[in-house]
Amino acid sequence: MSAISAHAGTNYLNEKKGIWSWASTLDHKRIGVMYLFSIFFFFLIGGIFALLLRTQLLSPAGSLIDAKTYNQLFTLHGAVMVFLVIVPGIAASLGNFVLPLQLGAKDVAFPRLNLMSYYIYVTGSIFAVCSIIFGAIDTGWTFYAPYSISAQGKVTLMLTAIFILGFSSIFTGLNFITTVHKLRAPGMTWFRMPLFVWGIYATSILQVMATPVLAITLALIVVERTLSVGIFNPALGGDAVLFQHFFWFYSHPAVYIMILPGMAVISELVTTFSQKKIFGYKMIAYSSIAIALISFLVWGHHMFTSGQSPLVNMLFSALTFLVAIPSGIKIFNWLATLFKGSISLATPMLYCLSFLFLFTIGGLTGVFLGTLSVDIHLHDTYFVVAHFHYVMVGGTFMAFIGGVYYWWPKMFGKMYSEKLGILGALLVFLGFNMTFFVQFYMGSQGMPRRYYNYLEQFQTLHQVSTFGSYLLGVGFLVVLINWIHALVKGAPAPANPFHATTLEWTHTQSPPITHNFEVQPVVHHEPYEYGDEPHSIHGFQGLKA
Amino acid sequence: MANINGSALFPLADHYATPEQQVDSGKLGMWLFLTTEILLFGGLFVSYACFNYLHMDVFKEAHKYLDWRLGAVNTVVLLFSSLTVVLAIHAAQKQKKYLIVINIALTIACGIAFMAVKYVEYSHKFHAGLLPGSYFTNATIANPDQAHIYFGIYFLMTGLHGFHVLIGIGIFVWLLLRTIKNDFSSQYYAPLELGGLYWHLVDVIWIFLFPLLYLIS
Amino acid sequence: MSNVAKVLGPKPHPHSVWLYWGVFLTLIVLTILTVMVAQHDFGELNIVVALLIASFKAALVAGFFMHLLFDSKFLSVVLCTSLVLLALFLLFPILDFSSRADLDSAEANFLPRDQEVYKYELEHPDQLPLRPGLQQPQKDELIFIGPGHH
Amino acid sequence: MENLNELLKMIVPREWLFSVMPLPSSTHANDLDLLYWFLIITCGILFLLVVVPLFLIVVRYRRKTVHQRAESQKDHNFWMESLWTFLPFVYLAILFMWGFLQYLGMYVAPHDALELRVIGQKWQWSVDYPKEEISVAGVGATIAIPINRPVRLVMSSQDVIHSFFIPNMRVKQDVVPGRYTTLWFEPNQLGEFPVLCAEYCGDLHSNMLAKVQVMTDDAYKNWVEEQKSQNQNVPLPELGEKLYTKLGCVACHSTDGSIKLAPSFKGIYGKMEELTSGASMKIDDNYIRNKLLTPTKHTAKGYPQIMPSFQGRVSERDISGIVEFIKSLSGKQAIEGG
């Protein structure tokens, strides 16, 4: 603890000033913060698309927008949320900020490449915004051929945008893997690394190994549109199902690019807010790697009704069940960690508990969809929509917000308001369940996804869902207000408000200095050792001293 | 000329503890990048495999319109350039600047020669209308319905590969300039090694493209 | 973060130039072999033989020119991971294409339908035009052994 | 299976059984609902196994004072960890086998199935009955099927991927251009059931509806006869009006002057139409005929080129019917155009 000195108030935020010092920074912390703001900006845009969609669905033959616009909106909602928000999401923002700190490193392995990948992200997002402005696409974010080959709108521009964003993802992953291998502090062995690092490491493997396939797939669609090569176009002798193989070879691992960092954050939150050593450290670490590797083998479960051969369907179904096991292991290990802990219900922990609740639902409904015969009925219905929102929003996004709250004091040196935090968490939890739980039922009843209008019997449920989405929107707004409030008026944060045990809390001030640590940390023990010396812990307000 | 002056010491970035750490990080980063290249080309190899499987006879027929002798010449050219790259690194290790320069120059020359042969091949295909997709106009070939897919894949694979060769030439021109500026020595030649890794990968990909495209018997 | 200190670099361990020349000559010999082998017809094995030689050449380049044999083993692990993934990426679509015909009913193999083909099919149910690359299935092979129905 | 089904009906009240999935109307549906309920119940138990302990732990071990420490720092338990690795494995293996065997049953059609040919096309289904030599098509088309007899659909698409989905029968299969896919089911309930498109296919994806009408054998025979004779007797404009809905013209062309995705039929006959090529053409019998058979040749200015070809799907009499129908919407002006 002695390594933290009050360094006369200089830190990475105020050491250099001005826009240029941010735009040209090589500091992983500043790059992480820039990612954070960019990602939440696009989350806002994607969210507005979603609310428009839900409003259209208030009545069976709604006429808020026309069919074409509706199709464009759900495409853009999907594309923005997937490629601009959740895929970079936790890894690029929190990962960039936290990973080198937790490893006891001064920076990531390649700081210039890191800044470059941020600018690649910005370039890609500018392309995406241009395609939205100059001719919104209506292909669905999955770009299924042959529809995407003949579709109108600036499809090529959007494909280029995602192609570019892919490289941002690749470079970030490459940087993190090298950092974890080469820049660990003295004494930081593999099994002394915090579980957040393990999760981000597994994510990075996926980013590096899967994203190039997306790049070539999208490039091939561009080539199809311009040269009519005929690889994916049946009219020219190609095969439409082959496109789906290509697309899901990336996009299924991409699902784990999204959820693994969420699990990584949860591992940190569970142990810190119960002040208890994580249960089954090695199991959680290995299960991250297992998920990463098995996730390459299950892409065909998106194609059970596509006309893929039954033999391949069978193999993919079996492999899909296999990937459920490590996820289950994690859930039970987190539960066991909480057992006999000292559980604080501070805001990050509320998101962590929401995660456990919602991700369990998301995971179990995934079991429905992995079962071949049941998936035949549920495929491409609202059941699937609900399932992946439970995993992506109920899982990843809850963890993301929880993680941002958790590291907020470290990032900005300011405390957030616990009252607003709890209010926001409750609204988000309620709104989310209201929006998506009814969609499981609608899906079972046979309500297909991507429908502009629908049979009247579904109206009540759609209305519940829409009002839920408004509640969810308000919840996110409260979160945003809390963060802005914290930035402007937050109380100064101590170095380690939650009494966490990882290096970013114990060995540097809040916010950290530009070079992260005054003295190079040396690690002597495992990551989650909660010693016996008495101390008071920040809990949620109103606790007796 | 062979002497290395003091300016060519190892430039150690301050977030690394030792030069070894920095060199190893660079190599690991480069290899990770190379795996992404492998998987990028992988998409095209998989398309090739699928359509070779579906239209085997068409592929066998269409490949006869490629000149395997030109392909073989290009294979030898690229293999030789790979040799000159390792010789350049070897020269750096031995602190022989003129050998670095000569070998890099040879590498660039090989790259240009490769592209020149490609130009000859491409212009022949353009002339004969053996082009991808809707631009396919060759009437002499049997099965024009599917042959255009073969040429689509041919142009995609060799085009993407040729693009990589062009980038490689650019990298080696940059390395040549830095060598002339005395940036490299036996203390520091990491950029040469990394550039070399990239160039070898481009070579390896061609090693597979040659039999797959030119020699399907 | 970008400050740079000038220090002594790691000591290089150069290999003999003759090793590199030896590898190069082997590669040339293998290239000639590839061309020679292509003149002979091994039937189904043509592509296998060609790929085996190419893989051996690639292994030589990676092992000696790219120093994989002398560098950290982890770099080989990275390379192998990507090759395994590539193999999987190749395996499943091919498996899909090849087993559609076995398990599907006969119609799955036919050319894209247009009215001509459709009429032809109706009139000649026994001799249907097949999608290229697929075998005409025998009548009894069409029945996949599954749970009996009726 | 049958016994299990009975057992399940004893545990879960019958009205609940059918409330989560739509009314089961095929043999598949009966089997599948059993598995579906097995999943709901077991996954429900698993969910409770996570959430109830979670709730109890949070309540019991909630931090009440800022000095409160964890009661234990125990971080492993080999048997517990083995248990929650192994048991899910067994559970998932059972689910896999069950789902896969059921899927095979859903995949392999019996030999005596009634075979129908389905074409998906933006944004309508058309179904041919090859033996009966009739066909039905269009938005909201009725596909008649006799009860208790397996039906096998051989499907292909003219343009993009569609997906043929009958919720009540629990069947769904993508309809892919360039190849055939198949599905089969055996209806065991009389009634009308919706057919939906489940794979996004463009603007009017959600309008790509049809219905399956399951009827008794006799009713089916009558329906077939009716279909056969239908088109022969009706007067031409009436036939045209029928085809207008049946072929799906209604999706894009209105008859009241309102603009959908294509020009309205009202008063259009005899007008000069400006084309995307810049030229103008008079809308007469030949124009309509060409538009039906080779729609890509000319497109009216300001509208997307989305009209499918009806080549081979309309008879000469059908074309005349459509022409007469469009004429009738333009009142007396029609006479000079003819």
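Chains: A, B, C and D, in written order; residue numbering restarts at 1 for each.
Just so we're on the same page, a residue touches a chain if its C-beta (ideal position, glycine included) is under 8 Å from a C-beta of that chain, and two chains touch if they have at least 3 such contacts.
Quick caveat, the model's predicted, so the values are computed rather than measured.
Which chain maximises the distance between its CA centroid and that of subunit C?
Here the answer is chain D, farthest from subunit C.
Relative to the centroid of every protein C-alpha atom displayed, which chain's own C-alpha centroid is closest?
A
Go ahead and note the Å separation of the Cα centroids belonging to subunit B and subunit D.
About 49 Å separates the centre of subunit B from that of subunit D.
Return the distance between the CA-based centres of subunit A and subunit B, expressed in whole Å.
Centre separation, subunit A to subunit B: 36 Å.
Provide the C-alpha centroid distance between subunit B and subunit C, rounded to the nearest whole angstrom.
20
For subunit B, give me the residues that contact two or more of the other chains.
13-15, 24, 28, 32, 35, 38-39, 42-43, 46, 50, 54-55, 146
Going by the touch rule set out above, which residues of subunit C reach two or more other chains?
Touching at least two other chains: 1-2, 74, 81-82, 85, 89, 93, 97, 103-104, 112, 131.
Would you please write down the residue numbers of subunit A that are in contact with two or more other chains?
If we look for residues of subunit A contacting two or more partner chains, we find 106-107, 111, 181, 209, 213, 234-235, 238-239, 241-242, 307, 310.
If we count contacts the way the header does, which residues on subunit A are in touch with subunit B in the complex?
Touching subunit B: residues 105-107, 109-111, 113, 170, 173-175, 177-178, 181-183, 208-213, 215-217, 220, 223-224, 227-231, 236-239, 242, 246 of subunit A.
What part of subunit A is in contact with subunit D in the complex they form?
Touch list, subunit A to subunit D: 67-68, 71, 138, 140, 144, 146-147, 150-152, 234-235, 238-241, 274-281, 283, 305-307, 310, 313-314, 317-318, 321-322, 324-325, 328-329, 331-333, 335-345, 353, 356-357, 360-361, 364-365, 367-368, 370-377, 379-381, 441, 444-446, 448-455, 528, 530, 532, 534-539, 543-545.
Which subunit D residues qualify as touching subunit A in the complex?
20-22, 31-32, 35-36, 39, 43, 46-47, 50-51, 53-54, 57-58, 61-77, 80-81, 84-85, 88-89, 92-93, 95-96, 98-100, 102-104, 106-107, 159-161, 163, 165, 167-168, 170-174, 176-179, 181, 194, 196-207, 304
What part of subunit C is in contact with subunit A in the complex they form?
It is residues 1-2, 74, 81-82, 85, 88-89, 92-93, 95-97, 99-100, 102-104, 112 of subunit C that touch subunit A.
Within the complex, which stretch of subunit B touches subunit A?
Per the stated touch rule, the residues are 13-16, 21, 24-25, 28-29, 32-33, 35-44, 46-47, 50-51, 54-55, 132-135, 145-146, 148-149, 152-153, 156.
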